[in-house]
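There are two complexes below, and they share chain A, which is joined by chain B in the first and by chain C in the second.
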Partner chain A sequence: MAENKEQKQKDKWYVQIMSIKKPYVYLGMFLVVIIPFLANLKIKTYETDLVKEVYQKVEKIHEYNLNHPDKKKGVLIGFDYGPSTTPECDPIAYSVFRHLFLRDIPIVVWAPYGPYLELADSRLNRIAKEYKANYGKDYVFMGLAYPATAYMVSTSSDLRPVFNTDYYGNDVYDLKILDRFNNYDNFGLVITISGTAMPEYWLRYANSLYNQEVSVGTTAVNAAKFYPYANSGQFTGMIAGLKGAAEYEQKVTRLEKELIGKDIKPYLRNLYTEKNRSKFNKEYFNPKFNEGEIRTAMLRRHQAGRGMSSQFGAHIYVIILIIIGNIGYFFKRKAEKDRTKRRRGV
Partner chain B sequence: MEAISILFWPTIAVLLSVAIYTFLWKDNMVYKIAEHIFMGVSVGYSIAYSYHKILIPKLWVPVKRFLSQGNYILAIYFIFGGLIGLLYISRFTDKTSWLSRYPIAITVGFYAGFRIVPVWMTMVSKQLNATIKDPTGSPLLNGKLFEAFFNNPTWGNFIHAINGPLIVVGVLLVLIYFFFSFSNDNFVVKISRKPALVILMLGFGGAFGYTFMARISLFIGRMNFIFSEWPELIKSTLGG
Partner chain C sequence: MNFWKRRLPLALTVIYGLLGFTLQIVPAFKGFLDIQNMWMPIIFGFSIIIGVASLTKYHATKIRREPEERLFSIITFASLILMAVVGLIGMPQQAGFFKSFYQNLFNYVYVPLQATIFSLLAFYITSAAYRAFKVSEWISTLLLVSGFIVMLGRVAFGPFMIFGELSEWIMAVPTVAAMRGLMIGIGLGIMATAIKIILGIERSYLGGE
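== the complex of A and B ==
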């Protein structure tokens, strides 16, 4: 009899919707993420003030460089993320690098931990190749800056002695770009792209001690922690998570279309001719594009935008699950209350 | 042969990704194997990287250079630092583990002193300032913004007007909540508890939303690799 009652209870719709098996919930999540992704759906996203602030700061540096060609300002990039946060930080890094190369702003990059080095090397050279940037003149990868605080403090005077060589073993005094861009005075901005607490280090040492403007591109998990710093103006803007990446990507794509033209494919195809190929050192990138690389470069241009359509699906899915769970809980509690009342004979 | 060498490791990465996701069904042998491979590779990689990327370029190469340049003081300085660092290894036996306290003491002592000023400036004084003034220097409790909203009642003006007061009130409420978390019958403390909880819940909710977005982003990243980058690599390697 008791078993019968229990079975009846389990058969109720509100109990059933609250006990959907986990694998089915995950399967649903897999579908809502993968369908928009495979369908190559892109959604336009609104642009927030914090992302605009980073973009405008880079544009200001570009304007300054145009007006002061002999006293150019560069950008120092802290490549502060590793393999575990590439899905969020990669689109940020791609967009930021594209913006800087498009505006011909000298870039100095370093990474604070070993596992980040190869990522930084591949990402930087990959994007540099798309804009015919010259290593040692337009950009440089300094390699490992560990412990980062020592390097941040040293950059107040000259970063070269603490590095000795760049990532590839070139003497720092042989790299032309470092003749000028070796301390905070000549960096218009520091951008830290991070999945860790490294942006706080940048704030403490570069911003608080040396008044260096610092922008941050970070994972969504860290965004909540960094909002107070962005709100107080300590960070010059913030690119937060895939949403922030999609916003920046959108802005840079617009700029690229304006500067290069609507169709990027022919631009990439004709970027390296036999004549100009010899100018580029193959150690950093192979100065030619095959069709596969062009396809990947095109996909990369809206990586965050594509991800946002899946994000949209996943968020709607979770909201629906929360509503279903709450409805089930509400009716279950109501039924329990009714039963208690009946038992008491009210 | 070249195609195999290009495709081999990305294919292994795809298989391992799928192996990790099998945990969503239930704990199983395939998942365990992938998990153990990950642990082993991480440790091995860290050891090799510490040797090749830190010990050699940051200690061995500079010491050799300083010695060849006749800069003995700097060389001794580096060697001394390296020797102190080596004392960390003394923890492996009980007899010598006390020696590891020296590098720990130096590191902790150095950073404790080194960090005081920047941490105070970053996390206290500038944040305190930010609860009084906005980055442009205007006060957060700014009546003019409300005036602007009433003259031109748009959503943007409304947000602009309430942003500052929300921060000021929110900070005060939460501070009162935590400072007077013990039993207290003071009127202000009593009436501020519920609004403080609401503010806290809003903060936690925002953090949860962002965390959810981050987790989904990781999943999207893996799906991007499996369904976009990997097939593209196959296509371009096998003549696409």
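== the complex of A and C ==
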């Protein structure tokens, strides 16, 4: 008798919608993420003040450099993320690098941990190749900066003695870019792209001790932690998660179309000719684009926008599931209350 | 034994704790602070040795005593040795077999594995939200409504832009207020724990007690 009652209870529609099995929930999630991504759907997102602040700061450095060609300012990038956060941080890094190379702003990059080095090296050279940037003149990768705090402090005077060589073993005093861009006085901005707590160290050392402006690019999970600093103006803007990356990506793509033209493919195809190829050292990148690389470079230009379409699907799916769960919960409670009332009435 | 296991570590903690504190607040010792920072990679190097030794001990025991788990432990060992050997030889090289082998292992095994583990969160969160996010009291309703607004706001466009604005407000005002409170609390907690450790009141890191 009791078993029958229990079975009847389980058969009720509101109990059933409350207990969808995990594999089906996971399968649904998989589909709503993978379908928009494979369909190459892109979402145009609205732009927030915090992202605009980072973008405008870079634009101001560009304007300053145009007006002061002998006293140029560079940007120091803390490549502070590892493999686990690449889906969110890669689009941020790509957009930021593209913006800096487009505006011809000298870039100095370092990474605080061993596993980040390979990522930083590949991402930086990948984008440098798209803009014909010269290693040692337009950009440099310093390699490992561990413990990062010591390097942050040393950059107040000169970062060269603590490194000795760059990532590729070149003597720091042989790299032309480092003659000028070796301390905070000549960096207009520090941008830390991080999935960890590293931006707080940048704030404590570079910003608090040496008054260096610091912008942050971070994962959505970490963003809540950095909002107080961004709101108080300690961080010069923030690129938060995939949404922030998509905003920055949109802005940079608009700029690129304005400077290079609407169709990027022919630009990439004709970037390296037989004549100019010899100017580039093959150690950093191969100065030649094949069709596969052009296709990847084009996809990279809206990587965050594509990710946003998957994120849209995932968010809506979670909301629908929560609503379904709550409808079931509401009717279950109602039925329980009714039963209790009936029992009391009897 | 008591000296090596308890008294010496305790004394070192007190000495270096006070020293680290003094170096931070006395400007005249700034030069020593840089030296202290340089020592950190050395300590980090030793922590890797301890980590590898501990991992080896744990999985060696598992291989001996747990036949069902043996395969996973063997895979862990093989991965550890392979990555260490290939990394040590290939990382400093400019080109060559080991360099490209290391790069391929890093780019096509290590990176996707780490990203996969992180992305599994999405699946767990979906399942947990579906089962646990229920409107039972006013406070949970408030949390649920805020969650909805922020989730919709992050992907808002066109006619749904109102969620974008509301989401921005939630992130910039209530979230910041709560985070500031949390951060102050955490900061005070860290300070209190650090003082207790330096003064030898908190000794649980030595094991036992």
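Following the convention adopted for this analysis, the second predicted complex is superposed on the first by the 345 of 346 C-alpha atoms of A that agree within 3 Å, B and C clash if a C-alpha of one lies under 4 Å from a C-alpha of the other, contacts with A are read in each partner's own complex, and residues count from 1 in each chain.
As a working rule, contacts are C-beta pairs under 8 Å (C-beta built on N, C-alpha and C of every residue); 3 or more make two chains touch, one makes a residue touch a chain.
What you see is a predicted model; the values in this text were computed from it and never measured.
Once the two complexes are overlaid on the shared chain, A:Glu258 sits clear of chain B and of chain C alike.
Of the two partner chains, neither chain B nor chain C is touched by A:Asp158. In the overlay built on the shared chain, the residue A:Gly82 is in contact with chain C alone; chain B does not reach it. Of the two partner chains placed around the shared chain by superposition, chain B and chain C are both touched by A:Lys22. After overlaying the two complexes on the shared chain, residue contacts for A:Asp104 are found with neither chain B nor chain C. When the two structures are aligned on the shared chain, A:Asp179 is found in touch with neither chain B nor chain C.
In the superposition on chain A, A:Glu336 contacts neither chain B nor chain C. Touch criterion met: A:Ala224 reaches chain B and chain C at once.
Residue contacts after overlaying the shared chain place A:Phe312 against chain C, while chain B stays out of touching range. Common to the chain B and chain C interfaces on chain A are residues 22, 26, 29, 33, 84-87, 115, 146, 149, 220, 223-224, 228, 231, 241, 243, 311, 314-315, 318. Contacts from chain B toward chain A in the complex involve residues 24-25, 45-46, 49-50, 53-54, 57-58, 61-62, 65, 114-115, 117-119, 121-122, 126-127, 129-130, 134-135, 167, 203, 206-207, 210-214, 216-224, 227-229, 232-233, 235-237, 240. Residues 22-23, 26, 29, 33-34, 37-38, 84-88, 90, 114-115, 117, 143-144, 146, 149, 164-165, 200, 203-205, 207-209, 219-221, 223-224, 228-229, 231-234, 240-243, 290-293, 295-296, 299, 303, 306-307, 310-311, 314-315, 318 of chain A are the ones touching chain B in the complex.
By the touch rule above, chain A contacts chain C in their complex via residues 20, 22, 25-26, 29-30, 33, 43-46, 48, 82-87, 115, 118-119, 122, 146-147, 149-150, 153-154, 168, 220, 223-225, 227-228, 231, 241, 243, 283, 308, 311-312, 314-319, 321-322, 324-326, 329-330.
Of all residues in chain C, those touching chain A in their complex are 33-34, 37-38, 40-41, 44, 94, 103, 106-107, 110-111, 113-115, 117-119, 122-123, 125-127, 129-131, 133-136, 144, 147-148, 151-152, 154-157, 161, 164, 168, 171-172, 175-176, 179-180, 183.
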